[in-house]
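Two complexes come next, and they have one chain in common, chain A, joined by chain B in the first and chain C in the second.
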Partner chain A sequence: MDISEAPAVNSRRRGNPVSRILSSIRDGNGFDILLVAAPLVFLVLLAGLPLIYNVLMSFQQVDMFTLGAWIRPFAGFDNYISVISQPEFPLVVRNTIIFVVGSMAGQFVLGFALALFFAQNFPGAATIRGLFLVSWVMPGLVVGAIWSWILAGDFGVLNAILRSLGLIEAAIFWKSDPNFSIWAVTIANIWLGLAFNMLLLSVGLAAIPKELYEAAALDGANAWKRFLTITLPMMRPTIGAVLSLGLIGTLQQFDLFPAITEGGPANSSTVAQYWAWQMSFTLYDFARGATISVMMFVLVLFASILYVRSTRSEVRG
Partner chain B sequence: MDKATLKLGGLLLAATMMTAPATAQTIVKVWSIDGTNQPGVSDTLSKEFNERGGDIQIEYRSIPFDELVNEALRAFATGNAPDIISVDNPDFALFSSRGAFLDITDRVANSDVIDPANYFQGPLNSVTWDGKLFGVPKYTDTIALFYNKDLFEAAGIAEPPKTWDELLETARALNDPANNVYGITFSARAGEEGTFQFLPWIQMSGGSYGEVNGPGAVRALEIWKTMVDERLASQDVLSLGQWDSTGTFNTGNAAMAISGPWELNRMVEDAQFDWAVALLPTDTDGGERSSALGGFNYGIFATTQNPDAAFEVLEFFVSQDERMFPEFSSLPARNDIVLPETGVPLKDAALQVFQEQLQYAQPRGPHPEWQKISKAIYDAMQAALTGQQTPQQALDQAQQTIAGILG
Partner chain C sequence: MSNVQIELTGVDKHYGQFHALKDINLSIEKGTFVALVGPSGCGKSTLLRSLAGLETITGGTMKIAGEVMNDVPPRKRDVAMVFQSYALYPHMRVAENLTYSLRLKGTPKEQALAAAEEVARTTGLSHLLGRFPRELSGGQRQRVAMGRAIIRHPKAFLFDEPLSNLDAALRVHMRKEIRALHDRLGATSVYVTHDQVEAMTMADRVVVMRDGVIEQEGAPLELYDKPASRFVAGFIGSPAMNFVPAMISEDGQAVLLDLPDAPRLPIGRALEPGRRVSAGLRPEHLTVTNAETAALRLPVGVVESTGSMTYISSGTDPEITVVIHGRSPLSAGEVMGLTIAPENVHLFDVESERVI
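== the complex of A and B ==
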């Protein structure tokens, strides 16, 4: 009796769609799908929708009354044309390239050098390496304010140091001289991103098996040769990831600009991300602001693809 | 024990319920920049209004100058705008021209407290759009020339400069790099402050915001450029705002400063020397005078749920206008208020000059796209001062941009 009833109950349970779903969540594929769906919904709501909204806005006419709406008068490529035909456009492109290439090169080269240095395992290496993280923990606005004082023209610390070393005669107006302003922000950004680069590269270095170096040393490879033939190839995925993250981080960097130069003088330190903000939030031209962000998004997308590819080979390796 | 605690808790609960007001309070949200640098008008008055304990209570929020309009636009777009906001006068038309502010023409006509006839024309123009009144001027200000009398005396200069050429000569005479003293300081920042400081020079030469490339305007920009090129002013005037720029005057690192009456309280405390204020030098001796019209206006957002309560708060603010100068060093935008002596001689003397200068102050705009006009002007100023364009080229380009905006 008990035995004959059991299958019937079972089949009744299978027949009910709700309980079938419930049971699949308890012990089937449903649980996996749920786990994937939760972050996916989160991503679509918090990253996907704003992104689409932004792209949409770049093809529309926007003013303060339609700011919160989806449907607005269509503008075609007018916003794109007007952004490109702004007199400051070439300058902003130039500044963005200097800022991105300068920051990434500085952060990476110095970060790699520091990572190699601290990989030498001298007494206190780990502690000092930890101290470097202070720069990474600090908010951009605070870093900007500090560098703003350091770089001040008349009473700045950097000028005082350079002057006492006899390197300069007159004060360099880092923030107000169009020849230096973009470099002033770049220097601050290198300092800000240095620790992050060093940390990731240190992790990569630690993952390289020591036996490789020992074997190479036995074969008579000198330090430079070991670096070129072991360290660099083994670090390839890490370097790819660090550089892509560096590109994304640099294109995201905003806080330093209002804190140090405000894009000035005469737009000589305006980069794309600061320009987009200026369009939207000081000139209240939201459509053109969105247009510049879309242009930047294409760049970041490119970096993200590189990043995903480099981390993929990391998993395989 | 447990029972006793419960009883006590119940009693407390009853007590709190009893002290709750019988009638619901109306909350009026007020936003302004006051209270970010030093105690200001709106934060102080809001606190006093609340302490009177009426049915209306103010929820005050202080927002830094640079974020105020942006924050207000975002709030308005999402339906969270405050009831009352005080914005810089050139930003007012952005809201009033689009009907984002409440038309208060009729309310003002029926008010015992607010009378448009009591206001100076310049400030009143900035709250008017299409013949209707969308707000009330809060306070006004303008800029003039502060000068360090001790340094003037030491250099044997008796009078403050009267013309642009004299200003340049005086700056040269007082410039003393060995002692870290610049001849003059001002703000040529890439922002509204830069336009605020430079536009009066265009106006003194007979131009206006719609006509920025006349020969006089070009000459004005050339003089500014000379001051920066010859290091009579720190090159950092290109990035310093007026508050920081005048700070270098207060510490004795600049012999002259162009700034406004908002500096007076701080200067009385900080400046360890004798100083005074003079009218802005003019193009030629006895030539046309001009200055910038600064100051803030109150507006009530059209989206307010409690227009009556908001207007009542506005009336309270206006009723305190007489305290504007003695307590806050701001000049009421009204012609019916006689400013009392403060008892601080330096401040009283300065006030006289600022009031005279105010007669020549001209508003920026009103124009809904003022920010773009302003950017054209400060971009030109910065391009010329950094040598990227000649003053003529820079102002020609600005004129072209502005003509496009004005249509």
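== the complex of A and C ==
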């Protein structure tokens, strides 16, 4: 065996450059480099370049004639100043904060509650949990249309339920009342993101060894203390990831707005990402549209850093 | 009141259809070290976890320190358990692991820390208090798990195969250490192991289980000298007892082994002639003598020596193993003569496998 194989190895070592590269791809560093390079090329082409183009555009004067160019007149921070001084800017910021904080809090709290509930291992738990994925599979536009009916002021199901529970007297016009319109979209978005949150948190919960809870119970901890001293600290990386991904997902959420409120009435439910779209594609003001998305990108970048850090700080021994 | 710390009466445990513990009766005196042994799946862990309250029993009564515990949750039972996996809290440092139970009780911080330092001293962890479990070796984790139990002064210590993840040398060492700790604390301990040597060397009482039933309970040497069943006889002692099918002789005073030439071994008492039995002969009770005159003459199959001990197996079916101290001049193919004292011949019923 040894003797017959030795010459083969030698000839491969000494082979011509092409076969050397091929053999390095087969079983050397070449394969690793190939694996890294493929997604990198993909990322640069489909995410990197558009991103750079977008940032570039936010510092330029853009009009219909220079739309296809890379090089345009430099505008400094003019676009940023103009965006911030728009009369609707404070309203959009307020809406965005409500939408992001409300969605994330709702998705996380309800998702965690459901994850804990389904972790109790009652008969059928796994099956019912699986059904929740429905919300994740459905396109945002469809979810938006369904919630649009649920939230309808005159014939909506939500109003009917609230009224029969005695919580409200008159119908709430969720979509057309400026006080409620942003909440209408937020509620739909909470539902949309619930399954994702629940699933990630369920996985985190399942990764905590059962014996830790048993040891804690024997050490005298009741259920609440076990949650505080075992579950929460052990879930820290998962919670960090869920919140960061939640922030990113919420800032990306677009479909619900055209389906439910179209940002109205009177911009009362316009959030940053919808505003950016309106600027670019209904007003054709691409520079300001790009400027808004760069502002949002900075936020997402911040969330991504948090996410990477939270997944890095694994506590599990 | 009596000195009984743990008392089980008619305890049953079902997992659905599966009957894991069957009518367990056991009483454990305060201060004793009890070992639960038995083959894998016999219900040792189930019994221990029932004591801890991590499993609810489906029948019978379980008392700890005189109180019925059947429906008391684990946190109110005041027992401590050392898990096979140690179950240390990975996100807490050693000191926090040790003081967890005290902090839950609201013990002031300095007092808890002082207790942790005290326990760390007795378990040799003083220099490791600031480390996380992942930064410890297996043996050190084991000590932390022990320390976490000790710091509470519980009514009973429960151990579930605590040493099985350690290497052989450390295991022998920790065996002594655990026993010494038990004695120093005057604790009551229940110790699950599948290693009968561990059970024999550490325990005051050994409980042998099989298929959810207690086969026999007693002092280690009692189990060795007077096994109640063929199962216990085969389980206790290393190397294991030799079993040979046999028949009681015509005069009832001896057994005739089912081996070539039907060797005859006196049993020192009279039994029903012609009865079929299983004869149990411990390897260390057989002595090699003159092959000409011995009652039991067997061909030598394999001779293995560790230097201090020699293991000789016969080339017969069933195989007979003999252990002798020192070395043996015998070699394969020769014939060896063996004798055994009549009181060392154990006889078991063929049907019930109980001792006769």
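Note that in this section the second predicted complex is superposed on the first by the 287 of 317 C-alpha atoms of A that agree within 3 Å, B and C clash if a C-alpha of one lies under 4 Å from a C-alpha of the other, contacts with A are read in each partner's own complex, and residues count from 1 in each chain.
Note that a contact is a pair of C-beta atoms (placed from the backbone, for glycine too) under 8 Å apart; a residue touches a chain by one contact, two chains touch by 3 or more.
Bear in mind the structure is a predicted one, so any value in this text is a computation, not a measurement.
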Chain A as common anchor, with chain B and chain C clashing or fitting: fit
Touching partner for A:L34 - first (chain B), second (chain C), both, neither: neither
First, second, both or neither for A:E262, with chain B first and chain C second: first
Which of chain B and chain C A:L218 touches, first, second, both or neither: second
Which partner reaches more residues of chain A (counting touched residues only), chain B or chain C: B
Chain A as apex of chain B and chain C, Cα-centre angle in degrees (nearest 10): 150
Chain B versus chain C as contact partner of A:M234, first or second or both or neither: second
Partner chain(s) touched by A:L67 [first = chain B, second = chain C, both, neither]: first
Lowest C-alpha to C-alpha distance for chain C against chain B (Å): 52
Residues of chain A contacting chain B in one complex and chain C in the other: none
Interface residues, chain B side, partner chain A - complex: 66, 69-70, 73-74, 76-79, 94, 98, 100, 180, 189-191, 234-239, 248, 253, 371-372, 375, 379, 382-383, 385-388, 397
Touching residues (chain side chain A, partner chain B) in the complex: 63-65, 67-68, 87-88, 152-154, 173, 175-178, 261-268, 281-285
In the complex, chain C residues that touch chain A: 52-54, 73-75, 77, 79-81, 83, 85, 87-91, 100-101, 104-105, 132-134, 148, 152
Of all residues in chain A, those that touch chain C in their complex: 209, 211-212, 214-222, 225, 229-230, 233-234, 236, 315-317
